[in-house]
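In this document, chain identifiers A, B, C and D correspond to the written order of the chains, with residue numbering beginning at 1 in each.
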Amino acid sequence: MIQFQQVSKRYPGGFDAVKNLSFEIQTGELVFLAGHSGAGKSTLLKLIAGIEKPSSGAVLVNNQNVSRLGRKALPYVRRHLGLIFQDHKILYDRSVYDNVRLPLDIVGFDGREVKRRVLAALDKVGLSGKEKLNPVALSGGEQQRLCIARAVVHRPAILLADEPTANLDRDYAHDILELFKSFHQVGVTLVISAHDETLMADYGRRILRLKHGEFTA
Amino acid sequence: MIQFQQVSKRYPGGFDAVKNLSFEIQTGELVFLAGHSGAGKSTLLKLIAGIEKPSSGAVLVNNQNVSRLGRKALPYVRRHLGLIFQDHKILYDRSVYDNVRLPLDIVGFDGREVKRRVLAALDKVGLSGKEKLNPVALSGGEQQRLCIARAVVHRPAILLADEPTANLDRDYAHDILELFKSFHQVGVTLVISAHDETLMADYGRRILRLKHGEFTA
Amino acid sequence: MKHWIRLNALALQRTVAAMVRHPLNHGLNLLVIAIAAAFPFGFYLLLSSVAAVTAQLPVEPQISVFLKPAAGSAEIGGIKELLAQDERVANARFVAKDEALKDLQAKVGSDDLLAGLTENPLPDAFLVTTRSDASAAALDALKTELAGRPGVDEVQLDSAWAQRLERLLALGRGLLEVIVVLLAVALALITGNAIRMQILTRRDEIEVAKLIGATDAFIRRPFMYAAAVQGLIGGLLACGIVVTALYWLNPAVTELASAYGQRFALHLPGPLEIGAVCLVTTLLNLVGAWLAVWRHLRRFF
Amino acid sequence: MKHWIRLNALALQRTVAAMVRHPLNHGLNLLVIAIAAAFPFGFYLLLSSVAAVTAQLPVEPQISVFLKPAAGSAEIGGIKELLAQDERVANARFVAKDEALKDLQAKVGSDDLLAGLTENPLPDAFLVTTRSDASAAALDALKTELAGRPGVDEVQLDSAWAQRLERLLALGRGLLEVIVVLLAVALALITGNAIRMQILTRRDEIEVAKLIGATDAFIRRPFMYAAAVQGLIGGLLACGIVVTALYWLNPAVTELASAYGQRFALHLPGPLEIGAVCLVTTLLNLVGAWLAVWRHLRRFF
């Protein structure tokens, strides 16, 4: 599903965030991404989504070389992804409901289907009843759950989550990880970054450990 | 230093985020604020900074009733505070250096002093050498440390930190808490919210535990 | 196809909703666009009104043939026949001296100075309009020929009047060009600015949409609709301003013109002209929007 | 105080730096402001040029006294004396018939139609300008009195010409008012928009600054400087546009006027007028900026 072939990423300043990484993630796998702050976790996820282009090597998603795709083709690849950003990227000029419906609008779902899916997604993350609020009225943790709802509402084949539990207390974090597990069980491929290894340990899945842009054992 | 007198906060939607809280924080205290997501931690910190006004009761900072201060007076109170926001509020249109200097510009420090203080603050949070970068070039954890640098650069008497370690791995989190401890030692009053109680336990200070807007034992 | 229509309907619906939600900001923008469009349009109408009047005036070189007071009807008839046959002549008109006096009075503006005249001092004359393609040499030959006829007192080749009018109109057209260029630039910039402002207020939305799989067309669509609506309403408002101004000006202009013995009023714009103005403002807006969105989208993958 | 100066110097310095950093955006804004300001200014100069010419023309009611061809020098002298003494008369000028013919020829534009004249058909005349404060009844009495004098053929009370000119000028002034109002509105909106756009690009900065203790004055300062600089440069550019346009128009206008026997050129703006334009654009910009910042700041505590 996702394949890195000797991928390096050097940012404009000259800093190598990711160094010569090669690995493969199978369809339906659940992979954790661990590492210290600045290890390159976000960079790796951005490379998968085509938000950053590798300086060398190739990133394949569904056997398509993401880094080679043009402006026209890239959006259609991204529609198969669900992205949870570390900095949330919530839109504060519209309601919770309208934030979550965005991926459906882009694809062009019709009205009734949109409503059904959005409410279902909000329910899954424990935000039902808050759909009419403005996101500023949500607490930090609620905002993080809103991001998760937006990432899963269009039922993506791949879910990339960048520190989805950073702002959540342990109970909620476990709820969210259980939710991710349920996605895993219906065949979604998941890559989840987190700095809290204790959470990952509880789930005992494959863990990719990054240190200064390289894998450690 | 900080005094809550039967403070309640009802948000426009009718939700009571904080219910009838009374407590006092002495000058030079280090207080942790714990509680589940949505418990009212951020609301409590915003009430101290005058960003939200209480629906009833009084919030006193330095014996001034913050909720009664007008547009003219409030800025001068805020200059004694250092604020770390849960959503960072970093400015992406300027360098790391210019982000950190903002509080000094507002007060009107002169050039050399500005430079000295900014570099010292960046050094304290482990960002020296990155001052010329744009904040987008920082990882999530680095951005969080940038926020801390901005909050302490003007040496506030009170530091209000909303989940300052959410995006940090354990090692960095401890470094930051050590930094806060050093502020505590020079007499700064600190209120730090966090959902990770294990961190607080390590430091064994006073902990205010919130649950649905009320204190629990 | 159905999907594409739904996407477009949604975009249009949101555009209108946004306008209704922020009536002040959008209204002010529309007003600026309308004002910028009203000026060249109004000036164009003014010029075309004047041009319509001057079209009735001779623009081709004219020859005045003044007859001797003693010229009899036989001589006059001879000249008339000659002029009717000559291929260099487009049109010849006999102006009796009474008619000439009336013309002169109208030209001078009132009967002030001529009131002292006891008898008509003007001669009978032929006013000959030559073909506009006749060469200067041919006209000179015609002049000499006419001067030799019996009963003719003097022949004048007169193209000064025509030249002056031409110059005046050319000046007006030059001015129109300057105004049109200046205000077209201003209009493009203003509409571009309005769209840039909308982009700024929605830059987060654009970024997120791009990141989660929106095509450039999807992002561009609402801005294009906003621009089209803005251009159309702006154009209509511009026409409204112009029509109001003309209604307000016309009585004064008519009165003034009639004082000079002219029947003249400024044209009101016809549906074709209104359509053209709306088309131009809409197109300018669309171009501005396209450029603004393009400039913004370039930054993202 | 020193502190205040430092804050202001910093704000100004950043304003200029921002302009230099985004020359295109700021340049385009300046151009729009300049164009909007250039129109009323140019039209005002045009009108004041015309007004200067018309000031030389008689605006007071005029009486024309046409003499009989047979009137002798004694009779003429008598009338002259009478007119010199009459207190209703501001000025009386004797126009010999040769002079009158020359005037008429100049008015008609060329010697076309008059060329056929064998002798001067015009009478001698007095052109009498009355005091502008004389009542209509007094003028009528004067007219009757003059008509009774020996040697006088006809007396005409003529204020039509003056009225017409007055009307033309009034029309021009009315038009100027409309243009000034329209473009002042446009200018205020455009500058307000420019500032609103700057606010939008810096809304995050404003929010953060407000949260960490900036006063409203601190936040407003850079926008006010930007507005002032923008207004000043916009005003200067507007003057530049107008001067260029006048330089370009003036030869044609002069040539045209001289063809009609008039000496006339459009005034170039003086330093005082340029200063006034810059002052107005700067003030308008400052007001627009103040309003835009105020509207934005209201949202925050």
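To be clear about the criterion, a residue touches a chain if its C-beta (ideal position, glycine included) is under 8 Å from a C-beta of that chain, and two chains touch if they have at least 3 such contacts.
Owing to the predicted nature of the structure, the values given are computational and were not obtained by experimental measurement.
> Using the contact definition stated above, find the chains touching both subunit A and subunit B.
For subunit A paired with subunit B, there are no chains in contact with each.
> What chains do subunit A and subunit C have as common neighbours?
Common neighbours, subunit A/subunit C: none found.
> Name the chain whose C-alpha centroid is farthest from the C-alpha centroid of subunit A.
D
> Centroid from C-alpha atoms only, then distance subunit B to subunit D, rounded to Å. What do you get?
Each chain reduced to its C-alpha mean, subunit B and subunit D end up 62 Å apart.
> What is the distance, in whole Å, between the centres of subunit B and subunit C, each centre taken as the mean of its C-alpha atoms?
From the centre of subunit B to the centre of subunit C is 67 Å.
> What's the distance between the Cα centroids of subunit C and subunit D, rounded to whole Å?
Taking the mean C-alpha position of each chain, the two centres sit 24 Å apart.
> Any chance you could list the residues of subunit B touching two or more other chains?
Residues of subunit B never touch two or more of the other chains.
> Would you pick out the residues of subunit D that each touch at least 2 other chains?
201
> If each chain is a dot and touching chains are joined, what shape do you get: line, ring, star, complete or other?
Basically the chains close up into a ring.
> Which of the chains are touching one another, listed as pairs?
A-B, A-C, B-D, C-D
> Can you check the complex and tell me which residues of subunit D touch subunit C?
Counting only subunit D, the residues touching subunit C are 28-29, 31-32, 35-36, 38-39, 64, 66, 69, 100, 103-104, 107-110, 112-113, 115-119, 121-123, 125, 153-154, 156, 158, 160-161, 163-164, 167-168, 170-171, 174-175, 178, 182-183, 185-186, 189-190, 192-194, 196-197, 200-201, 241, 245, 248-249, 252-253, 255-256, 259-260.
> Spell out the residues on subunit B that touch subunit D in their complex, using ranges where they run on.
49-51, 53, 71-72, 74-79, 81, 83, 85, 89, 91-93, 102-103, 105-108, 110, 150
> Which residues of subunit A touch subunit B once you look at their complex with the stated criterion?
Checking each residue of subunit A against subunit B gives 11-13, 15, 35-39, 41-42, 86-88, 133, 137, 139-143, 162-163, 166-172, 195-196.
> Any idea which subunit D residues touch subunit B in the complex?
Where subunit D meets subunit B, its residues are 3, 6-7, 10, 201-202, 204-205, 207-216, 218, 301.
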